[in-house]
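First, the structure itself, so that you have it in front of you.
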Amino acid sequence: MFNMRLTVAAAAFVALAATGIAQAQTGSIIIGASTPLTGGVAHFGQHARWGAELAVAEANAKGGALGRKIEIDFQDNRCNPAEGVKSVTQMLSEKKYAAIFDGLCSSVALAIMPLIERAGVPFIVANASATSIAERSGVGGNKWTFKVNPTDASMLDALVGWLDKEGKAANIAFLGEDTDFGRAGSSGLEAALKKRNQKLVMVDFFQKGTADFTPVLTKIKARKPALLALYAIDADFQNTIRQWHGLGGGVPLTGRVLVDQVPKEIMASGFLDGTTSVQPYDPSVDTPANKTFVEAFTKKYNVAPMLISFESYETINILIDAIRRSGNASPAAIRDALATTKYRSILGTELEFDANNLVHNNAIIFAIKGGKVVIIGMSKT
Amino acid sequence: MNAISVRALAFVIGLMVLFAIPKLTGNEYVLALGISFAALSVLSGGLNLVYGYTGLLSFAQVGFFGIGSYTAALLVTEQNWSLWSGVAAGGALATAVGMVIGYSSLRLSRHAFAIVSLSFALLCMIVARDWVSLTRGAMGIPGLPAPTINLPGGMRWRIAQPADFYYLLLGFAVFAHALIYGVVTSRLGRAMRAIKLNEPLAQSQGINPLAYKLLAIALSALLAGMVGGLFVFYLTIVDPSIFDFYYTETMLIMVIIGGPGSFWGVLASSAVLTAVPDLLRFTTDLRMVLYGVVLIAAMLLFPGGLGGWLHRRRVARWRQPRVAP
Amino acid sequence: MRPRGRSVDLNFYAQLLLNGIVIGVIYALIAMGLSLIFGVLEIVNFAHGEFYMLGAMCAYFLTVNWGFGYWPAVLIVTAVAISLGCVLYEALLGSLRGESFERSILLTLGLSMVLQNGAVFLFTTTPKMMATGLSYSNIIVGELRLPLSRLYALGLGLAAFAALYLTLYRTRVGKAMRGVAQNRDAALMVGIDPRAVSRLAVAIGIGLSGLAGAALAPVYAVHPLMGFSFVFKAFAIIIIGGLGNVSGAAIAAVMLGILESLVGGFLPLVMVDALAFISMIAVLLLRPQGLFGRGVRV
Amino acid sequence: MTPVQPLLEVRGLTKRYLGLTAVDDLSYALETGSVVGLIGPNGSGKSTSIDCMSGFQAADRGQWFLDGRELTGLAPHRIARAGLTRTFQTVRAYDELTLLENLCVAAQENDGVSWMQALLRGKTLRGADAAARARGLELLATVGLANYADAPAAILSYGQRKLLAIAASMMPKPRLVVLDEPVAGVNQTMVRHIEEVIRKLNAEGVTLLIVEHNVDFIMSLCSRVIVLESGSKIADGPPGLIRSDPRVLAAYLGNKRAAELDAGNG
């Protein structure tokens, strides 16, 4: 009995796929996107979606690409490779998508890569952080995958280089979430420190969703490191930062501190003075293009953009630029156009993909001084 | 007799159609759904054996699934084992773990088993994330190679295309369900139902509940472990999200809607529920809310599941003619 | 990893102990209600953490959006949670009876899915911070530090425990509750209405959960998934404490909090996460009735 | 003269709860083919003693043997397989299974079919299943439920369920059957019917130990009666003697149960 239903479903999908092909010739240019819209990181999936949709809306306001409207379809992947594969397979089988966007989580992006290679559709990654994505792309094998955000390793190298110059690269402790984000942070930091004959003095990981950090923070405080490299995001970041404040901290932070999300009371108290952070983005970066972006984003969604929303916005812009230069918006032409990208980032630099299809935008190094965030440098990643 | 042969014919035709799908349509999404169905139905079938037939609520299925996945992936990539031996090892390890959990907690009570199985699943996730030297941690093991299987007659089958995985997983699912079907329709399944319906009575009749419960757990662990080992090669990556609690919720919903203790019902609901979330992708936000509502409604309205409902109808039918003069 | 010097050492231990006590009392707030509901109804409430989350959400909106103070918010949220408990009993749990352990888990699991995903839908997963003056005030004694919000949570936890203890031992209805927990049939015979008692147990249990949410809203970030991770730990606690044994659960909670804090002070944090589950499994295998036994319930 | 080995021998069975002795040093023996009643006032330890004997409760002290084989401390299913089956005071049946299935389940652990044979469905299994069905139908006929062989057990009345339980306890051809209150709460017609069934089964060679409150039933059915009070055996003998035993009268009178002993249980 279930066989029958599946056959009916199969027939329905064949029909769907057929209409998809017909549409691809004339109607809008459609980008397929898979991102977590439910589950633990849905908050980031939401920002990824907002950034991308803002870019698409702006492009359409300027007449779309090649005289056609641009659309972007989002599907949920729960940050789970199985769901990612299913959602992208569905989009690929409909054959109407000019390119596939993101995945957000590294494991999902890695699972998507063989699919889009087989289908011959460009895949452009905005947020996933694993180094192995770029290692497997371009000369690494997968010609269809492009990654726009810098890898942690290169950003951390920039940060540690700066710390070393200031004589602060010794005695750093590390606390990060036990996800690809935190793990990449600790290994990137270890590597950057090793180059300068230093190492992390203590390393600890926590499960995402941990509410109470006081045990580990007490331990770190007692150990008196010079700096604490913190790799926490979302609710975990809010909990660590407030509990660190509650315990009286006494050690400045470093790593990927979300300086834009520190509660203003803590920031103003000067408690975090001496903190350094490296990020690919911050809303406060003082370029006209960024100001326009922050304003438009805040106006549209009632909340300030964050790293994820910026990366999605910029990535979709790079993709749209490639679509415009592709001439016919066919996946293969878009891939070739992507490879020759010369795009001016809203942070001011000109971006190109390297041999591994990876972009090297500037990383921003922040410091907190006198209760205020200051940008102390931009560094090539 | 006639009805049985019609059913058998329909079953064979249905199976042929399922195996012909890659030839009928090149649509990879249909194949992806088929693969998804094959994997999930083996998980829900195993859960049905444990919960539906034997009456033990288990949250451990997802743990067995992940243990099988990791074992197969690690043995194939790092020890150069063949796919079959890796998958068999994954199934064996899952079974062994299942026996340990089952034996230690079932000596206490079925309640202890439910709670221990839940903790086990949560611990699996922690181990997968944090025992980095073994599991490579949160990054998982990406880029699993397309496996090659030695077929009888010296042929080699390189499993690289979705259609290959479709055949492989569907083939395994048919084997797994045949095994489950064989058990539930045999006197072993009858003993399991007896234990679920009235454990002391079963004991007083010489049935050893622990042995049958362990059999159900071991079988479900074996199948879940093996299907996990096969499934991750299709995904090309295994990472800690293989232990996602979401799988557990999905499995439970499949068993509850299909009817605990109903082989065909759970198989059918697995098929429908594999396809439905994808057909209803626009309700993403509310899908899990909907699942929750279904669980609540099922527990309130059909406490005994489909089996309970059929049973009540059967009782009513038997009582009817005796009420009438 | 050990800090040098005797005084530093002492301070370090004292701070860990203090943190642990606070964490333990926070666990106890959630676990006591879970234990009470199990004791009286033999129901494992999977949705318990979701009521904690709703309590925190509610407190957040009351204080941040509607300008209530902390204490009024705590009172309102607790009252709302108690009524929600009555509704929950009448609408869902009241229909479960007898051998319904598995059904109760599935039913409340469904409820948890509805509440959690519904909250994601309504409030998004963006973490919310209750930023009143309370959140950033600290009590400092020597080297020891305790945020004021945690001190309040500690006080509320102790008060809740005292109130629960007095209710169960000094009031007629509390004695009835213990009677039902010990023997439902016997309680029926002496004229106790088990439905009324069960309803009250659920109301108190959910009320405690809501109270915990309100008390902790200034301590932790408020988001829809905050209850989910807590509830599994609470399961472990009530098993360690002896199923249905409310003060056992409270003691186990404080013990676990202190143990976690001390372990976290020396070993990797991952061990802390696994600690609750591993101790629970160990307790189950070595002393199935829990550390404090099942027979005597508070 | 060689001493005849008793079918069941119980030696010094003792069970305590929280300082209260429910069964106190109970010893007795049953001969093959007999029908023996076990009576006593409420709380005298009748049910506890058979729960211990069948493995459902752990005894604190004592030993018991079936046909010379020690059963002490075995799990219930092992005791059942050794040839001692029982029914329960609160009648138990598999409601969702048919009557015939109820009976077949009861025999399946004793017919030597292994799990593998059960799965592969070979000749051994088919033979065993056919034998079980035949015996099941025969037993259903004996207890008068043959018409309902394919009906779910849930449709049975309370008394009919007691009959089904008795039939199920006979399925594996046990050496000894312990019936826990086979007629409690059933009407007089059914009591007589159950009595007949038990006689018929005994005539086929089954040994029975019957725990009952209904003293009349026991007195008319059993060749020997054992009386318990506060966990101890106070009398043991043929019904005629028991009726006039002063200790028994005192026990029942003391518990205001003399009426039960004298008058019929209407």
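Per-chain residue numbering starts at 1, and chain names A, B, C and D are given in the order in which the chains are listed.
As a working rule, a contact is a pair of C-beta atoms (placed from the backbone, for glycine too) under 8 Å apart; a residue touches a chain by one contact, two chains touch by 3 or more.
Source: prediction; values computed, not measured.
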item: Third chains touching both subunit D and subunit C; value: B
item: Chain nearest the overall Cα centroid; value: B
item: Pair joined by the larger number of C-beta contacts - A-B, B-C; value: A-B
item: Subunit A and subunit D: spacing of chain centres that average the CA atoms, whole Å; value: 73
item: Intercentroid distance (Cα basis), subunit C paired with subunit A, Å; value: 36
item: Subunit B-subunit C separation of Cα centroids, rounded to whole Å; value: 34
item: Subunit B residues counted as touching two or more neighbouring chains; value: 126, 129-130, 285, 287-288
item: For subunit C, residues that touch 2 or more chains besides their own; value: 117, 120, 268, 270, 273
item: Junction residues of subunit A - those touching two or more other chains; value: 38, 178, 205, 207
item: Touching pairs among all chains present in the structure; value: A-B, A-C, B-C, B-D
item: Footprint of subunit B on subunit A - complex, ascending; value: 1-7, 9-10, 13-14, 17, 37-39, 75-76, 78-82, 85-87, 89-90, 92-94, 106-107, 110-111, 114, 119, 130, 132, 136, 178-180, 182-184, 205, 207
item: Contacting residues of subunit C [partner subunit A, same complex]; value: 1, 3, 8, 12, 15-16, 19-20, 22-23, 26, 117, 120, 124-127, 129, 131, 135-136, 138, 140, 145, 147, 150, 220-221, 223, 225-226, 228-230, 260-266, 268-270, 272-273
item: Interface residues, subunit D side, partner subunit B - complex; value: 54-56, 75-78, 80-81, 85-88, 92-97, 101, 104-110, 113, 115, 118-119, 121, 125, 129, 148, 151-152, 154-155, 168-169, 171-172
item: Subunit B partner contacts - residues on subunit C that touch it in the complex; value: 44, 92, 95, 100-103, 105-107, 109-118, 120-121, 232, 235-236, 239, 268, 270, 273-274, 277-278, 280-281, 284-285, 288
item: In the complex with subunit C, residue positions of subunit B that touch it; value: 51, 55, 57, 104-105, 108-112, 114-116, 118-119, 122-123, 126, 129-130, 249, 252, 256, 285-289, 291-296, 298-300, 303
